[in-house]
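One structure is given below, represented as structure tokens, and several questions about it will come after.
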């Protein structure tokens, strides 16, 4: 059987049959939260840290998931297990928990939440070229949401603000990652990732005010400190990124990628820079595999698999 | 048959079977837009104005609905027609079009949008008491979203920011409507509605900068001007509402309701105030029925229907 | 004699006869500053730190008190001495120095300041229940004053901005304490107090930018560090308080109280939380008495004293 | 008898004996509001408009004055009557109503307000030279208070923010009037007055967002329109004042004064400018006397009265 | 003689020999102002309006040009006259006055200003294609300068902020025009031009708060009103431009150009839209020539002139 | 020969003949950057640190200087060498590198930059009195430029915003230094310098967000730490400066000067304060001369040189 299996509100169902009611608050209002982990060699990585953040999202939005995070963790492991036979060579998975508020009209008594766990193959082919070239960051005019309402620390399913920012930069360069500034013009975050830069041998990253507090970001800071590197959280501006010695971004899926350009200008003197390479090595040790190598192998295999078909057409 | 019928991506289905894929961008990202009309005596009111606004929402979010607004209008009328036999005595309907972006991972080629039209009975019993008492507005600490990202003029399905604001005021008073200030502390809007106030015989309403440009708001301004009343759009602050001679809110469902209190303090000298009553009369003429009367009749009927059961228990 | 004695511009007078001219700048313009200490077992606590802050308030407002802080300290002790015989069982005092600018019309030559020292019994009965239940914090829409004018670090007698914020939250819940956000939506302070929260075993408190730099806050940070706990000052948002492991507030009178709810939602997993209890114990050691116990005893005594009267009426 | 008489909480008392309790909320917290009118030829001018604004201040601050505005108006007239025999040649009076919240500790049940009406001679000698030279406006770094807390439209006794701004400009030039910008850098108001400027033959004045809505401002706009001049309210910046054809300020006491300089730079081509003169003439007609002439006469008389004494000393 | 002639501080000099001292405040500090007019058929257009704005720039920056604007106007006409023989077929000129502050170290006594008038051919070939395709507007993350310092209404030679914004959008699309938002996320202006949009048959343009008040903008508004079209100045956001029926930009050189795209998305339903065409016709009447036609003819001639050379090389 | 020699785009020229084209982007747009060092005893101080900052300015503005910083350093030393024979007794030099973008109309292909190195005598006579009296800081209403456009960290030749701020404070007091607040009302920097203040024995200075990161500021922090003093970077407000124990400013030319007054009010208890004196001693050690002594000697010599001439006139 080649279809992925999801867990939806208590049942395991084939991916293609996983549905939510049209009138759910999740669909009509974006009234939900989620979190996502990846696997290394098919094993979930930092699940507890992600569930702890998910629990904060639930408390902040006052959604009652109807189960403990420990239980949701067990369900996640079980769902992963049901999909492991579909893991491709060199591939790995994303596992995502999504919880949206119950459908009751009355906000304070909205009833049972809608909970799901899904498993998806990581899109390695897309990321592979960036390990050597670096990513292109484009900062659109749109800003992060203001902290007094929809705090960027919340991992919500109401993400249209980010989609709009993404459209502005991607219509400019479809391969760009979108860099968000906060309401005061400070560097905030990359959509679905965090930003780090290096100046005078020290690593700096925007503080926790207007960003998602990435689990990969925290792990990266720990790894850097463990390797004897100085890391500080502070307010940074576009000037700091334009003039950085090197820069990189971090996220759950690709872990760490070097930055190559910012709004069309080259960033840093070498891509990847020496500290970016150092951090990547630490990540490889922790993950127990060569992350970039895995992506390249996967991408090569995917291309090879596609070749014959193309050749046949030729 | 007593179940409502929805139109979902080309098919008419019973409400209880209307579903969207769990992995749709609408559910995972709140990446969609919608609009809602009401009926008077079972006939759709101002459908064209609502579809024109929906078209703007689509252009702003760059979602291609795969059909013209004229076609969506015809579908809406047809869907309404299939539900008219379920219209309760004194009741009326909401009709809602929702369009979420196609599920493709690539934002710029996201494929066919997911389109639905649903019909729901208006919750008259909830609004009925407010026609005489006025609503209680509570302004939470959270503000409207900033215009540089997620413009409040967009009618999006990413509404968690508003849900969070609503939670803050409703945990304080479950019957309150939530009043939002904009980032600069000006009065902006009521969640799902617009605000008007009266000072020295003139009607004022917050300008279009940080609000949803309500169809009912526009109609109310036209009716007021038609009745010889001065109406202006301007920047207003909480001071203006605390010291207003009278105030009212407008929205698609209840049309116009007087404001009774603001953060626990009485607003105005009389509830409803004389201009609020005047505007309500103009609305009744336009709607072809007595809007408050309809709500009270409906509420009375609903209560009467509930009574025997209760009595039986007694 | 059972009336309290105040020191007013050089003279000791009975409280009921302590007056200021109607045309004083203090009454007409709120053009004054003050500071307040409490006693433990009838002895003034941290008087010097409070006078040092008062001196800063005077320098910032360019009011000349016409005496040194040392002299004002001696007067304060003397005024306290004249009232000690009125100290109730389990009770303690507040001592407040208030200085308003002289009445001259010319701001730069406003003449002799108006100086007073007053003594008031601490309102223990009001605070007693909060030690076990925690306080309910409500954040109104109003923000702290902007730092570019009326810096929140100044302890001024122009407090109507705070009164207005207090009205908004207290009309919602008369027992709430009012939590203020700063102009950027960060957590700032509780009216008449400071906020602390705990995350991952570490204590965090808003930095000094937009808050009164509480003497009790500084003492609490010293006590925590002395007890081996990590404390940091940083920018925090409502998200951080909604998702905190525990939280507490500090002020001169009650020292430290746990937070129970925020805008109607429970805060933390236990009230008081383990670090709040730990800090309270350190405070008890420093104060030389059990602060919560004192409040409860006082409240119990006050209730007992009231009972017979009530009983007599019954 | 040469002492002024005040009305204080129900009694007429000599000015020197008018007192408020040291512990009143008015003195300790600046928790009060006020309004001020002037007389022309000993008759109160625009009393009703000032009382209407005072009533708004009371509603916004939720202070119950314990009497109607009509009653307070009668008391004001009566208090003025008791002082008319003290009116100096060419002189006129200010009459001020001040109301501070009752002294109860509980904000929501603060008890009887403290109400006073006082009468003071207008300080004509100070203003006289400005009618020909123009005033010097100095804009300090401090800004108006933010509208989301302490709205500048409120006429409160918590005025330390304004005092601090005044100190900054007056320590620079003791004769300057202080010009406040709002939080966004727009021109707001002059402390105790409003600003008007002329560009291309049209009068412009900052809109009502972040200013006290002056009764004299409203009257000036009416007079200008009555004289066929265009007047608009809009957002203006320092650029507009530096480059204005002419400018003037308005307030209750001096009515209208030309602006001569801004931060040391000359403003306009002629002082007073032609439209300023035109507006002044309209004011004279309305007031029934030549306002500038009155001030000069008064100042001359005051100087003459002082001369002999000085001569005697010589 | 084929070289352009400039007027520099009193002398006519060949363009290639026009120099300023390296230590001038204009070069070291950008401490200067300028204005630019175009010719139609070799005649200066709206010179007086441009000189009036230049005079405002001088007053705001407190630079004394050492001559009247009338005199500078005569010099400008004379300089133009000396260059008219160089006017190409279908071509027209830009004339620019630049005035930088004298070189004295003491800011308040900086001595004689440095004044120049230069003449340059209009770059018609660059603009020609935009009349039919419309321009592509790209909004970078950088914003206009804040009004409280460097007001955008000032036409200053300190333009690096604009150059930086331009770099961000042009590195993305070298043919884009840069659209600036103000500090609050409102639409402000296009670098070197102003923005207009059409909604429901009415023309809207950002108000004067954070923009250069274009002479061409003012003329366009007059022409539109003269043609019976409604024009209003108001706060507009990116939403309004994304959803506009049509849009155009105005500036001194090209007068009016339609907008084709915004951040990669098409704007309006037709390019140019019907009102843009209408306004262009009015401009043609006022200018006494067909502006687009002139550009196309010039561009065609320029291309034809270039052809033989290219052919010869082939 | 008594004229200074400059290096301009490859050639050594007498100062009076150093020119830039009138149409250079440097003159017309302020499109350039610069940096400045001083000498001690005729030797360049911290040249490398200044060139490193200049390189950041070039990268941020995307100007290609056409040479390495090492080469520019050699040219700077050589230019200094050609001027050393003009060094006056007790005097020292400023050396300034300025680079403006090439004159091409196309921003992305602007061609060869315009590079210059100039040498100027330090204006010691102006600074000498401040070592004992302290400087007077005046904060105008204008703010620093916003970080989202023209980041204050950039050392640009577009400085009109600063000139305008300087005009406001200097028209008030011609001897004042101008203190800039940032957009949020925090203390930012002194024009051409940085601010430090002392509180409770610890040195504080505004963090790097909205300031030029002074080389002298960095050196001062190193010297202070080397001397065992605590130094922290943080957000500070005017309150902190009004109430500081002492304060000083730092810049390349005068190194460190005490603050005497802020907006007319005295700052600190002693001028210079004890830590300011301590830091000055460390600077003297590093510079290898007594900096204040040098200034006084130079000023005395300059005055003596001027005396005979004056006397002769007498």
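A, B, C, D, E and F are the chain letters, set down in written order, and residue numbers restart from 1 in every chain.
Assume a residue touches a chain if its C-beta (ideal position, glycine included) is under 8 Å from a C-beta of that chain, and two chains touch if they have at least 3 such contacts.
Please read all numbers here as calculations on a predicted model, not as lab measurements.
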Pair of chains joined by more contacts [C-beta pairs], A-C or E-F: E-F
Centroid spacing, where centroids are CA-atom means, of subunit B and subunit C in whole angstrom: 44
Between subunit C and subunit E, centroid-to-centroid distance (C-alpha), Å: 59
Whole-Å gap between the CA centroids of subunit C and subunit D: 35
For subunit C, residues contacting two or more additional chains: 60, 62, 141-143, 146, 148-149, 154, 167, 171, 181, 183-185, 238, 265
Touch-based graph of the chains, sorted into line, ring, star, complete or other: other
Pairs of chains found to touch, sorted by chain label: A-B, A-C, A-E, A-F, B-C, B-D, B-E, C-D, C-F, D-E, D-F, E-F
Of all residues in subunit D, those that touch subunit E in their complex: 181, 184-186, 234-235, 237-240, 242-243, 265
Partner subunit F, residues of subunit D touching it in the complex: 138-143, 167-168, 171-173, 181, 185, 238, 263-265
Subunit D-facing residues of subunit C, complex: 6, 8, 15, 18-24, 26-32, 34, 60-62, 98, 100-101, 105-108, 116, 118, 123, 141-146, 148-150, 154, 156-167, 170-171, 174, 183
Residues of subunit E touching subunit D in the complex: 56, 59-60, 62, 146-149, 151, 153-154, 183-184, 207-209
